[in-house]
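Each structure below is given as structure tokens.
Each of the next two complexes has chain A plus one more chain, namely chain B in the first and chain C in the second.
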Partner chain A sequence: MKLLTTNFVKCAVKACDSSADSFPLKYEDVQLVQEEQDFNPEFIANMLERLDWAALLKVAADLGNTSLPSHKPDDVDPTLTENEPLLRDLHSLLLETQITEGKMVCGNCQHVYHIKNSIPNFLLPPHLA
Partner chain B sequence: MEEQSPFLVAHKFAFKVPTVLEIGTGSGIITTFIAVNDILGQKAVFFTTDLNPFACQCVKETVAHNQSQSVTLDPIQTNLASSLRDHQVDILVFNPPYVPAEEVPAVPCQTQASNESTEDDWLDLALLGGHQGMVVTNVLLDQLHNVLSANGIAYILFCASNVPEEVVVRPDLTARFDISLMEKRKCGWEVLSVYRFVKK
Partner chain C sequence: MSRPEEIAPAEIFYNDSESQKYTTSTRVQHIQAKMTFRALELLNLEDFPHYILDVGCGSGLSGEILTEEGHFWTGLDIAPSMLATGLDREVEGDLFLSDIGNGIPFRAGTFDAAISISAIQWLCNADQSGIDPKKRLLRFFNSLFASLKRGGKFCAQFYPLNDLQTENILGAAKIAGFSGGCVLDDPESKKNKKYYLVLTAGRSERNINLENVTMDAPETTRKLSKKQIKENETRKDYIKRKKELMKKRGKVVANDSRYMARPRKIRF
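And now, the complex of A and B:
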């Protein structure tokens, strides 16, 4: 599971939909692996627009990374060489960092979801589904 | 597929990098095909969902066999689009369990302690859609407006027993989507059609 995906997933429990604490999930006991992917500066720069930066900061901190800028960089021109270090960092963090094992905990209902073999499992037991 | 690219390229998505969600992906071959053949004409983020843990694992293998280094794709084990944040999906693709059956099969037990289901236990779930084969599709149709981003598009497959001509004129759907038939074709003994739902 790419770190990018943590920006798109929330608790699957219906009752948590209205709670701001159901996103982002809290990541615990994680194992990380770097998996190489082609670097495309324009793709990363364009993706910034839709990222929830506050959520990204929280998850990165869960994973021990506190080096991100505290505010979302805006209007990053991917053709300028001065922006390449930032875009490479984001590429490595968002697309190449894989959470292979770990737990995802909902801040509202405290339900624990598991990540195994890089696949997050959001299936709920019958009483919650 | 060349015929179908232009309208997608012309479509104005809500975000510069669109997300594509395929529900009930199985092997992942449809999403992999879309991704590696540049069907969208632009780079996208791909997510696949499936209840079946074996399918989720298979998706990774399918992508790995096909230019995985240039594709941004993650499989997620979940029911339909649950666990995905609302209004984040720009393109949704769903080949549902559309075969009419007495009921939709139960999800095999998969507690953390005993993960002993076999691949066979999951296969009926991929096919059987309950009454008129529409039970699962109807659940998705009810959520679709929340799942899609502004201007989001869904492509959903129907078989003749689903009576799609009646589904696509339902007032609750026509109020929220522009619906059009993209393809209708006899496939072996089935007549399959794909409808496009564009969020209003």
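And now, the complex of A and C:
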């Protein structure tokens, strides 16, 4: 699972829909892998608008990375060459960093979602479904 | 022709051998590719890379096409074996093991668009006790509506068992707030007929591509007044109506027979 996805995924339990604690999930015992991907500046700039930077900082801290800037870089034009280093950094952070194993915990209902072979298991037990 | 929906739930039907068979069959690959291209054509997306949700991605046959077209995607599926086959094939998108009837676990405004190839008819099944397909459909469409950005579009190819299923699916989508309808490809052919559900969440600047689609507006029949009904009724209808009325009033009325209201033979 890409790090980008962690910025969107939330608890699947219906009762947690209205809770602010169900996003972002808390990440524990995580194993990371760097996997090379094609660089696509347009997509990164596009997704940057949509990112919840506070959530990204929180997840990155869970994964042991506290070196991110505290504010979201805004107005990044993918066509300008001076923005390329920044976009490349974001690319390697968001798309190339993958979570292969680990646990995700919902802050509201404390349900644990396991990640195995980089596939998170979002199937709910019958009492939560 | 047997429907896999009638044999077992998706997570059991698509076991290791079945998902291997499904993924390596060139016929299935060809049909899936064709349907994915058609879904993308209906979605009419702009030229830049989008973030797309693939509902019921299976082993990523449709996802591969999204990657080829330059989009990034995330797939949901309930069958672990299908996802394992997808992992072996090293598809680009993220795979999630998830039951779409329990909702789509993404926060509001995540995706630009969503597609689904041959998946949502599974939602109409009740495989376990205590499962209500209507509730599951509603939960699916409600959470999908939330996870799409405003103006986001959803195109789903599906195989409905009958008209009732189509109606249920469309009804649930409407309740969730989607606008749109069903596109039928090859409506004359029994075998190649394909249903596409095309929905938009809110208003979009670029409409869905409805080229070569003939619109079938529902026929609006004007309600006739009581007087008009009376004027149009046949003699038999008239007798039936009167008999009904007399029965209601407690009178003894002759039983209905096929000879009722027939003209008599001319004797001379």
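The rule is short, and it goes like this: the second predicted complex is superposed on the first by the 129 of 129 C-alpha atoms of A that agree within 3 Å, B and C clash if a C-alpha of one lies under 4 Å from a C-alpha of the other, contacts with A are read in each partner's own complex, and residues count from 1 in each chain.
The criterion applied here is as follows: contacts are C-beta pairs under 8 Å (C-beta built on N, C-alpha and C of every residue); 3 or more make two chains touch, one makes a residue touch a chain.
Just so it is clear, the model here is predicted, and its values are computed rather than measured.
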>> After the overlay on chain A, what do you see for chain B versus chain C, clash or fit?
In response: clash
>> Is A:9 touching anything from chain B or chain C once the two structures are fitted on A? First, second, both or neither.
In response: both
>> Under the stated touch criterion, which partner chain does A:125 make contact with: chain B (first), chain C (second), both, or neither?
In response: first
> After superposition on the shared chain, which partner residues are touched by A:117: those of chain B (first), chain C (second), both, or neither?
Replying inline: both
> If you stack the two complexes on chain A, which partner ends up touching A:36: first (chain B), second (chain C), both, or neither?
Replying inline: first
> Touch check for A:49: first (chain B), second (chain C), both, or neither?
Replying inline: first
>> With both complexes overlaid on chain A, does A:27 touch chain B (first), chain C (second), both or neither?
In response: neither
>> On the A-aligned overlay, A:1 touches which partner chain: chain B = first, chain C = second, or both, or neither?
In response: both
> What residues on chain A does chain C touch that chain B touches too?
Replying inline: 1-2, 5, 8-12, 17, 23, 37, 40, 42-43, 46-47, 50, 117-124, 129
> In their complex, what parts of chain A are in touch with chain C?
Replying inline: 1-2, 5, 8-12, 14, 17, 23, 37, 40, 42-43, 46-47, 50, 52, 117-124, 126, 129
> Inside the complex, what are the residues of chain B that reach chain A?
Replying inline: 15-17, 19, 43, 45, 47, 51, 53, 56-57, 60, 69-70, 72, 74-79, 82-86, 88, 107, 110-112
> If you look only at chain C, which of its residues touch chain A in the complex?
Replying inline: 48-49, 51, 70, 72, 74, 76, 78, 83-84, 87, 92, 94-99, 102-107, 109-110, 130, 139, 143, 149
>> For a test of understanding, state which residues of chain A touch chain B in their complex under the given definition.
In response: 1-2, 4-5, 8-12, 17, 23, 36-38, 40, 42-43, 46-47, 49-50, 95, 114, 117-125, 129
